[in-house]
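Structures for review follow.
Presented sequentially are two complexes of chain A, the first with chain B as partner and the second with chain C.
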Partner chain A sequence: MTMTSASVSPASSSRLQLPRIHPRLRLPLILVAVVLVAPFAVPPLLGIDPNAMSVMERFAGPSLNHPLGLDEFGRDRLARVLIGAQASLRVAVISALISCTIGSLIGLFGAYFRGFAGFLSTKTADVVLCFPPILLALLVVTLMGPGTKTLIWVLSIIYFPAFARIVYLEASRVSQLDYVIAAEALGARPRRVMFRTILPNISGPIIVQFSLTTAAAIITESGLSYLGLGVVPPDPSWGQMIRGARAYMEQDPLGIVIPCVAISLTIYGVNLLTDRLRDVLDPKGLSGGIPILSPRRRKTPAATVPATLEADTVLRIDNLDVTTNRNGVAIKLIEDVNLRVRRGRCTALVGESGSGKSLTASSVMGLLPRGVTVTSGDIMLRGQHGQAIQVTTLSGEGLEAIRGRDAAMIFQEPMTALNPVYKVGDQLIEAAKVHRPVSANQARDEGIAFLKRVGVNDPERRFDSFPHMLSGGLRQRVMIAMALSMEPGLLLADEPTTALDVTVQAEIIDLLIALKASAGAPGILFISHDLGVVAQLADEIAVMYAGRVVEQGPAATVLGNARHPYTRALLQSMPAAHEELHASRSDTLPSIGGTPPLPHERPAGCAFRDRCPHAVPVCADERPDLTAVDGPAHLAACHLATGRAA
Partner chain B sequence: MIEQHNLLEVEKLSLGFGGSNGLFRTKPAMVLRDVNFTIGQGEIVGLVGESGSGKSTIGKAVLKLLKAQEGRVRFDGMDISDLSERQMRPLRREMQIIFQDPYSSLDPRQTVRNILSDALDIHHLHMGSSREARLVELLDMVGLRREFLDRYPHEFSGGQRQRIGIARAMSVEPRLIVADEAVSALDVSIQAQVINLIARLREQTGVSVLFISHDLSVVRFISDRIIVLYLGKIMEVGPADLVHHAPLHPYSKALVSAEPRLDQKSSRIRLRGDIPSPLRPPSGCVFRTRCPFALPACAERVPELREVAPGRSKACIRDDIDMETAS
Partner chain C sequence: MARSVISRLASALTMLFVVATLVFAIQVVIPGDPAELLLSSAGSTPTRENIEALRVEMGLDRPLAQQYAEFLWGAVRLDFGSSLIDNSSIGQTIAARLPRTLELIAVAMTIAVAVAVPFGTQAALRVGGRLDTAGSGVSAIFAAVPVFVIGTLLILLFAQTLKLTPAGGYADFVTAPMQHLTNLILPAVTVAMSIFPIIFRMTRSSVLDSLSNEWVRTALAKGLPRRAVVRRHVLRNALGPVVTVIGLQLGILLGSTVLVEFVFNWPGLSGYLVTAVEQRDYPTVRAIILVVAALFIFINLLIELLQMKLDPRVQL
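Then we have the complex of A and B:
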């Protein structure tokens, strides 16, 4: 999973007895090492006094003795840029360290203890932020006199508030998380919670801020020295060099380019190092990631597949394959899925997380995540005017046009799908206005009518409410009203009741059942993990496991006479199915052992066989196809069900 | 189970949030009002209710992770209501928590070994050579392999993570575990495994469990007794099977009848509207605004939680409701 140092070729580590360095850290480490070591190591070798003037040779170009030439006083530029680096880097790194330590401590204490400590921590930072940095710097310099030490103090004061604020915000967020509460529940002392649990988890932003601060400090040092407030001439610093060279910029552009390049290189090195350090320190980092090249979609020639759809059908999916790419290997997430949704009926797609049920829905809407593509198969959708639309051949604009109009979707968490800053009514009629011109009053009346249709009490008042004023159940009703407002042929419902309380869930199911029976009802593709919910709503059921449909058929048959061991196990593991059992009598609930295989680890043969209590050798050798069992409408992909393994 | 004395006794617990907007004192939103219950040694007590009923708040208040405004919490006969965090620390070992979200409950930067070792370190348990054996034993207890010790949380599935969370809670040999929606985020096929695990741990170690869940069928299976909570008040308490099969309170009945079931639903009590805001609770019985059986008298006084049969209590003034005919 994670790309760690272990993935470095073993040969290199056996040759060199160096500590293993993560490959991604090598380049920035070398860069930073050069920038840090060269200023201290090279000048003694050169043996040139950076302050020795040779006025006769001012502005002399590069030569063997002076590789970077001489400046406006005839001083050696190489020596000055290197010695100058000593001052600039010392100031920048030390002040970044000081501000980071002080700021982080203030933020961390404030966020953890809250109350007065929190007040003190944020307000201290705010007060310092109120001062313009240059004014602050001038003040300190006036009090302490110019010099390196003063600069370090000035920069530390200027930069600690940023650390305090970032750490305060991040630590406040992390300290609400369950693992921090778990540490407290275990009786961990505040110091342990702060430094062992919270701090490592907010190290990313701190590291990034450190790099930004170092870079900013170099520039501010240059600026202050340029104003004559920092390093005192004739001692060199990068700021002093820029200051000196500026006056002769037109005669001698090299003079200003040299310190600027030095500054840029340093900042780049530090940024690169901290960025990569953040990734490497994160145990999750570097895993996954979106491939730059995704598998190319096989364009289905429209001519070979006739664009027809049975009269009562609003959605038909044929032989759908959805694929992603992992380290150059194509991995099928969904394989050979066939589905059909009829007008005014509900087809339920049942499965656990990772089974591919949501990806199937996303394929219909053309909303697959980046790097995931439909590689074969067809999706046919009934358009608003009765025409058949081949979704798989559409791209960009074509897909946008069908979303909401021909196929609408409702989600698990309606709050995230509603914009919190607009009134629900305005959002409701927004969709209608996009697709056809209506007057404001007419749109309002229609919107209210739709709210009424989905059972919202007092629709006039609700029309003018903001989403946060509504309960979860009402929000879901509004979402359903929005989805229905364009009178789509297909309603895709992705776990729409999972986040709701049972009492509210029951109401929404009632609403959907009533909707099916209403005139002009859409076909519903209902995605759920809950067989109890599905039992009440679905006319047909398809059970998915590991990217494939393993059982499919009329709802009553699939639930009442399940033939695939997985479907049966799912039904059996519902506690509601075992009212005679109780834990206090040492009963155990029937459960499926193990966990579903990840897409790249799916075994050959039947993907369920490792967890199947009835598996026989043929299950490992041959993958069972969906085959008719007791009647043509009921399909199961199991050797046992079809008699192959009898 | 030998009933000596109750492990946990909660008396008149009230807890509110807010109460100040930074400058001024405001009226706090009362999340719990006058909650009384007990948990026996080795008992599993289920706590059910809709979101906003205060289930999780009770769990955290019992562990003193939240501070109650009023009321007493006694653990093993000892009043812990007024203990400071420092005084609580040795007691933390006795009471643990399992969370709902298996993704946010484990520190992503620590290996399983560190997560479990931390818990042991804090209480100076198995500091020497027995540490490794203890870690393996803990993993074994929750059905995980020892190779998992040096992996990070993100390398596990939701069910496996939940097992790690349970191992962490069990590592300090607690006597009480608060399981806060511990199986709600898991897939159906995994859920049953974890429920069985919790039931088995109770049997093996005698740990008491406060099992908080919105799923009545799960709670019915695992709990000895069920507490039904609505808007911070207890509506009904009784043996699990009885509360589930023959609820006494209209709200319990509504919850039971709303459960999605494979067999077609029996008569269902339909509730009106949504759970009211805890800032403006209804007068009298808090459930009356949604109760199909509410009488004018329900608005006048708060119904007491009273014992109506041995071991069964309800907070409802009506005794004349026929639940079976109601729909």
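Then we have the complex of A and C:
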């Protein structure tokens, strides 16, 4: 989506830079600090020997001297649960450190030297991962006997492969990046490249894995101690305390609950830290997908205009506003757009990324991203039986009924617009089967016929292919066939050629031109940033900039006598020669610097003025409206064009 | 297709061979004589004759290569020798106990999947909603509680306090089916709770990822009803990672049920293993670990094959 891609900053590198503690990390860090420090700091303050027994007072309830009471041997529970924490934490942190060091080294060497070292490092990890962790631990305990030292080795062996794997993958990724290659080219030694260049750049995932491993090690340690195979009595550890208290469960449920809560709280704290670290180091945010299930609330107090549509028109958009919310402030993404698509004709919507052209098309389909709504204006669509449909008032089911049947859409990326797990034919006829009663065989025949119509060779075979077996051009043809398969009155084409090779681009354009000339052709709303492509296809053109239409009119007039400086800039950046079409794929304007303002940063006055070579003072004060220039059909929103700037 | 199946099979077998070698090698690599280690763990100082006798019994007096060959050949025939403690056939004991462990895992996994997958899906479809918050909260709590703690607390609540279920034990299904099932409930629920967070989270994030795929927009744009879009173009594609994590968990469970079986006195493979570890019955430990690792590798192989079926792009 053009809107989201513009708002996502490129700061996705997981480099660790913590000048100050991130607010989301404060709570878990405090929790973890308490859990880590308390077991070592509090017992000396209490001054109670955790192993001192007073059998007479066994199972004594909480008192001032013994805040948590006494256990089955009359030992102080608070002292024991804290000392138990010492053993668990020491084992967990030390083994996490060892496994982190060993694993990271193996992964780093494997990724940097590749070849045999790479093979070895991934394979050792694979072999160890073949054993369920607890079993591996038991195997080692059998041979070495239980005890703290054994535990540390066991846990280190269990957890180093995960480090090796993560570091290997991350380091392989990073070592392909420019600055690593540059460091190598400058003659930096392997050791320097590995530890000074690569390692700092993958520290994020390593820290997350370390935190994860510490929690896992606490769990495994307590489990083994619970089985009597970990920390050996009389040293207290949580697992062992639960094991001891189990026998007295009936008389003394508290004895079991206390260490249970202690373990769980500790792990909860570490887990919370892990989750938050992950969020902070690798911010992905909520994906801005199209809401599927959320109820479609009507924002427009539906000024139920009698649904009328001129006889030759299949789509009319009147005064469309599309808005999103950012921190409670409404931001207009599209403002006051008016458009019309005539039957069998093509209207082109032109502009850079973020100009709002794709959102306009999505509004027609009712496919706006999460949090983006139509707040005013009307969208009128010609229905299958000639009736006029007011799209903005439709419910979810109503929209489902018009999608595909009355308005169909093709997208920019044919690579990702088809579901890779189904055959293209099945996807082609899927909607037809839903919209009308056809037998499977009939649908298949129709599907093949449509493939043939869009110029697919050997359509029977292609019908049964999976998308990954087809080239980009073929896939786009399949998408077009899919869109045409229900004979819609309106075809929305959102940059359908941008992602394709030049020759294939030309083929698809030719296909659309032929489609336009055919009988019963749909009206086409063609969205593009490339005036070269538009010139071949469009009957009418609307140029969008920063959410508004800045120039609009018949194609010949707009192209031949462009009045808005932005349109002229677009025309200048048109590749002169055909083979230069490649340059236009980058979706930027080489002839003028800068980028369009983000929706929430649009200035007062003319939004284009910062990039405009002809800007005058009035452009900053007053926003130009679309006004007729050299004829009623040709409109431009520029003070220069209307003579106001003179 | 057939070729990649064969090559996966070959790589699984290789892995199995490596594991078997490793299990055998540990005994060689560990410092000290296993027979002496074994006997001295009992507390008393063993005599030379005792050690020699045990060495002969364990076959340690034979050349290493011969020991290795015999071990491998035995493993291939599922003949793991006999226990050092009571001379019983290890293979037979495993055959009796393994099904009980597998039953526990199967029931627990069924419960976990039946709850976590729909729950995770709904949470993702209404991301940020109440259900999503609840699910994330529950899984954060479950993930923080070790499995034996869950078991112990469930016993405390349901067996000790409410007296609804037995605290543990086992009854044969053929002779006492009801008893068998009531004994099964708590351990199965315990295991299910412990794996719930992993499956829930994976389902949730996988469905979320899947929702942002462009073909979902295509499916919506062609007018498919929402249900069909969710089922065919969201869930179907989200399945892969979920299946992988379920398989991985199945493998890990083969180990971590040790704790649950111990908590509930469930006479599966694990009780046998723990006793063997305590008594340092090395041949038994070795055999159990080999069997479990083989199952683990086998499950992974199945998952890989299933993955190829799920996604036509996955090829070797």
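Going forward, the second predicted complex is superposed on the first by the 532 of 646 C-alpha atoms of A that agree within 3 Å, B and C clash if a C-alpha of one lies under 4 Å from a C-alpha of the other, contacts with A are read in each partner's own complex, and residues count from 1 in each chain.
Keep this in mind: a contact is a pair of C-beta atoms (placed from the backbone, for glycine too) under 8 Å apart; a residue touches a chain by one contact, two chains touch by 3 or more.
Since we're looking at a predicted model, the values are computed, not measured.
Undergrad: Considering only touches as defined above, state whether A:F195 meets chain B (first), chain C (second), both or neither.
TA: A:F195 sits against neither chain B nor chain C.
Undergrad: Look at A:A182 in the shared chain and tell me whether it touches chain B only, chain C only, both, or neither; answer first, second, both or neither.
TA: first
Undergrad: With the two structures laid over each other on chain A, which partner does A:V421 touch: chain B (first), chain C (second), both, or neither?
TA: After superposing on A, A:V421 lies in contact with chain C but is clear of chain B.
Undergrad: With both complexes overlaid on chain A, does A:G396 touch chain B (first), chain C (second), both or neither?
TA: A:G396: touches chain C, not chain B.
Undergrad: Could you tell me if A:G404 is touching chain B, chain C, both of them or neither one (first, second, both, neither)?
TA: Only chain C; A:G404 stays clear of chain B.
Undergrad: Which residues would you name on chain A as touching chain B in one complex and chain C in the other?
TA: On chain A, the overlap between the chain B and chain C contacts is residues 287.
Undergrad: In the complex formed with chain B, which residues of chain A make contact?
TA: Chain A reaches chain B through residues 1-2, 177-179, 181-189, 192, 196-197, 200-201, 281-284, 287, 352-353, 457, 471-474, 501-507, 509, 529-533, 535-536, 559, 569-571, 573-579, 581-584, 586-593, 595-596.
Undergrad: Within their complex, state which residues of chain C touch chain A.
TA: 15, 18-19, 22-23, 26-27, 30, 34, 37, 41, 125-128, 140-141, 143-149, 152-153, 155-156, 160-161, 208-209, 211-226, 228-230, 232-234, 236-237, 251-256, 258-259, 262, 273-274, 276-278, 280, 282, 285-286, 288-289, 292-293, 296-297, 310-313
Undergrad: Provide the residue numbers of chain A that touch chain C in the complex, in ascending order.
TA: Within the complex, chain A contacts chain C at residues 126-127, 130-136, 138-145, 219, 222-223, 226-229, 239, 242, 246, 249-250, 253, 256-257, 260, 263-265, 267-268, 271-272, 275, 286-290, 292-294, 365, 367, 396, 400-405, 408-409, 411, 413, 416-422, 427, 430-431, 434-435, 466, 468, 479, 482-483, 486.
Undergrad: Help me check something: in the complex, which residues belonging to chain B touch chain A?
TA: Where chain B meets chain A, its residues are 44, 50-51, 60, 63, 65, 88-93, 95-97, 99-101, 104-109, 118-119, 122-123, 152, 154-155, 157-160, 165, 168, 172, 187-193, 195-196, 199-200, 202-203, 214-218, 220-224, 240-241, 244-245, 254-255, 257-262, 264-265, 268, 270-271, 273-275.
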